[in-house]
């Protein structure tokens, strides 16, 4: 277990946790927030995998603009999921 | 274990802790606060990792990150304030 | 230029030119038969059809709506259609589910064969 | 100069429609006339390039084009140790066949849509996207690179979805577009995953290189499933056909005709993957995937046609027929694939079946395109697609009626139109494979005829209706667009053997000749 | 024009900061980078001139203000911030809080001044800018520990929010 | 087996993320949520692509003054860049579709978006 | 609706910074991490910052949809023209004939570890710029369109 | 040697404050107090960890006289400045949004702000 | 019924993905010949120090054109969704 692997394990755990949160929240705004956190961690993971180009792209497009687009779409539709 | 990697590991653990607030946060505003904290921690770890990997140019990723997640936060805040 | 008119199908052959010639011949025969008939016959000369002693209503020979055209066929296959039509639910999740389902099925087949 | 242009035809084939698409928003500011002229010019040049490229391929064999290299034909750099490193367009006879289809259809459709969409708003986007869709199709059928195939798949999916949603006023069109986009994206991601799996093992993206390195381990089988099933979905095979009627119905008619071509490009991708990428005679279990295609084909043919009969929306009816006709193609090629390992059976009827399937691809693109265009013409004048409300248009729209008759007779397999020729090939060869399937195919053909009799009756027969009193013939560009396709339908029906000899047989040979495909890039047999 | 020059200069400085170490010219920069920097500064200056600073104000052109800004950031501001964090550490560990929102008269006229004041307040002890009165530039500040007796007053002076240094006057000298 | 699994952590994460995303696609009723699932799926595939190009102790494929010995594979990173942009394009378009559908239908519940059926 | 003066001023401060940083990322795409897409995204973030900090009606006066659409088309046309130029220079489509040929961007590069110079890599910086312009235009237009769609739903 | 000690101290301080910020987020009762912890503590901590990197770069710069360490130093400083400003403004935006949302500060002794409800 | 079926589908797919995850060695790619070529020749052929950029814009530049085209398509699609309809531009469906 090298330190890098430990670090990766933590990050990947965080990725899975945020992904579960994205799916689990009934409030779409919270989902979007969790998605932004997911993108953040994903970019850090790319960074760890020695892909800085991809990390910048994921940072710029994934975390910044996708969040904005999701928020605008939620504003254009409605905020809460339907009850089953 | 180099000191840089140790630092990043601690920061990653802190991110996981902040995710607790992301999960629990009674309101969306609390979740945004957690997102903001994770965001700061990610930027810090990116800067530290640049030193850890001896890759000077990786700091660019951190700058992009600090800029772009700010935009995401602003969009969320604007929606949350009912102004979008 | 030498145009091969015959389509070779492996087991047989088909020539559209021959078919056209045959069609033309048949058409000619039919026209011949028609021209041999009584030229003074008019379409209005025949007796009017009547239904149960009454005159035919004006519009009865008119247009049949499309839904009624194969009513018998759909009625005969009613059990089939009553399953198949609701099967096309129109829900996007179902569409994705069918795609993933076929994928899963093929995955099982491909990994076991 | 001409020779150097001929050298660069594969690049121009994609570059011209792209250039036109990017220029249209600028030309749109100058006015409608400028835009129409640009559209016409672009369409004409694109189809010219496509036909010239196809002629070159049929005359001289596979054409290679290496993007970004110092010399367009140097597939393998001297110092690379025998691996192609750049993106290579590899147009063999099969690809050339698809290029012909796409070029002809796109020309006809561009002509048609110039008049048909003249009353709509947002025309800049419409025409740009039309050219992007054409680009996507042309790129998909001519690329020899897996990831590039994915990129073009995405281009055609996105452009197709946006075009399907073009008529936004009621919401149905957007719903169709959303379904199409959703399914395409899931499929494309699955394809990307498969590409990743292949790349991780063989470190190559070129189809020929991957094919030459393939080891047929369990990961490769997973990759095969991830590649083949989404492509089967994109070509509209039952039970993944649900998107087909939804999108074909709501799209503008000219786009529906192009979507048919685009789904056939996916069919091409499916065949390419099954035959070329995974076509190793010794190590691959042929019968399984042959039967996969055969079952998909038979199901599609039957379910499609039976679902078509009770429809009352004319385009939805035709869309189910598109599913059904796709079944024929899958059936024909699937029979060939199922007997692929058996040389005797392959020579006896397998190749004929595949020829039938491939011939049906081009025939179907033409007559189904024609049918959708006539439906669009009727809609253009009457404003409705409901068969119960239509009627008595025969006198008002004679040209449309003639073209519809040609298309309907062709799709029903009535001689002397082209549908009959390809269906004859399929019947006779499938009969020797499995008589039951041949009978099923004939039943489907009869039902097709029946349902088109219904459509013809409902649209053109009967007394003229008062609400359609002012209806007259559609404008000349629409007639010209339909006439191109109709001319092809008649031509292919009159001299089928010419097409079979010049285009289909080389395409079949290219399809089964895996070693030749690999050798065209890597050299040596 | 003044805003164009100011924005261009700012852009050029930022670009120089970003590309330092790229060559040997002046010890740090390469010629191509300097050329590209000038071009970028021109383009960005033109595009962003309406935003970066008010076209009517020439104050941004005085280089002394930039130097003072750096001095402020490294000196008083940083120390205030350090104090802030010790304070937050105390609050986090003990959990002893007495929060409230008070009104602070900023006395700033320019947008930049308000921004610097608000951000300084946010990053310094126990205070967080929540809102702003757009007309009077008064800030609404959330304090984590409202000192006794303040809650009855109508508003506070900006100076009172900072503990040791007179940050508002620094800011006034930089931004007004 | 366990060590092998541990070594393949990123791939396992990809598998779990794909499962979650597909689950969202199949079970969720809200269209926006489905699209979030689709975005998750895209991210998972991107992570997969980058992970297959990683080499132990490799460094980023950029030549700088620092001496480089072993570099990770650059092609997959290029592919991932393309995939990311394609992903955001797809998401943007489908989200705008969803907005228009909400405007016309008054709902984003996928079980109610079925005017086209049968 | 407007956000507060503080946010607005920050956005104004960061707008030129975003542009400069984006252009830096674009221009140094062949030396540092980044390139056309990333730089374009950073520049588009500058525009997004302006969009979020002000009212839609106010900002569209200085950040026009048509200008951004023009940017996009022009970027793509630049890209494809550069590709066709390679074709006329004797190579294939997108042939990088400028690399190592001297002149603008034509400096040859030493092999191995070196920091590299700005004026190298031939066609790549040009394509980077083209893609940067295109992505800037494209992402901004997407945001503008979606915001306009939101505005329409308001009563 | 001294530099190494300084770097270690900076990292320790930075980590301590970062941890403090995160614990503050977990412990405090409402949005505003959490924002206090988040903004001040994590920003300050991140500044210190970055300062460690800057010190390292400075040391290497004097040691090797290599231009790229100047790049590292300056880029780190730029990142820190950007981070500080964006964090402060972001915190303000969040606080205002929470305020407009109608969250009143918990245990407040005074509340002078009356914003119109959204 | 529906839930059980969907869960079964998901589990089968998960098994497939897990097989992929276990079957691929992480950190040690099986073959690297094409990428080694890129790494060795990015500097003399594309004259770029960033190998990823040289792959994106030189060796696989055509993909990048396609990708830019995808973005263009998406922009046109979004624009098409929010366009202003002409008065009386109606489309029948029933």
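Every chain is named by a letter (A, B, C, D, E, F, G, H and I) in the order it is written, and numbering of its residues begins at 1.
Keep this in mind: a residue touches a chain if its C-beta (ideal position, glycine included) is under 8 Å from a C-beta of that chain, and two chains touch if they have at least 3 such contacts.
Note that this is a predicted model, so its numbers are computed, not measured.
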Chain hops separating chain I from chain B, counting only touching neighbours: 2
Most central chain, Cα average position: I
Per Cα centroids, the chain farthest from chain D: E
Between chain E and chain H, centroid-to-centroid distance (C-alpha), Å: 15
Inter-chain centre distance, chain B versus chain D - centres from mean C-alpha coordinates, in Å: 47
Between chain H and chain G, distance of the C-alpha-averaged centres to the nearest whole Å: 30
Residues of chain C touching at least two other chains: 85, 88, 90, 92, 96-97, 100, 103, 107, 111
In chain A, residues with contacts to at least two other chains: 32, 50-53, 55-57, 60-61, 64-65, 68-69, 72-76
Residues of chain F touching at least two other chains: 9-10, 12, 18, 22-23, 25-29, 31, 34, 51-54, 59-66, 73, 75, 77, 79, 81-82, 84-86, 88-90, 92-93, 95-100, 103, 113-116
Residues on chain E engaged by chain H in the complex (per definition of touch): 14, 17-24, 28, 73, 81-82, 84-85, 88-89, 91-92, 95, 97-103, 115, 118-119, 122-124, 126, 128-131, 140, 142, 144, 146, 150-151, 155
Residue ranges of chain I in contact with chain F within the complex: 3, 6, 9-10, 13-14, 17-18, 20-22, 24-29, 32, 34-35, 38-39, 42-43, 49-52, 54-56, 60, 63-64, 66-68, 70-71, 73-75, 77-78, 81-82
Residues of chain C that touch chain F when the two form their complex: 85-86, 88-93, 96-97, 100
Touch list for chain G against partner chain D, complex: 69-70, 73, 76-77, 80, 83-84, 86-87, 90-97
Residues on chain A engaged by chain G in the complex (per definition of touch): 52-53, 55-57, 60-61, 64-65, 68-69, 72-73, 75-76
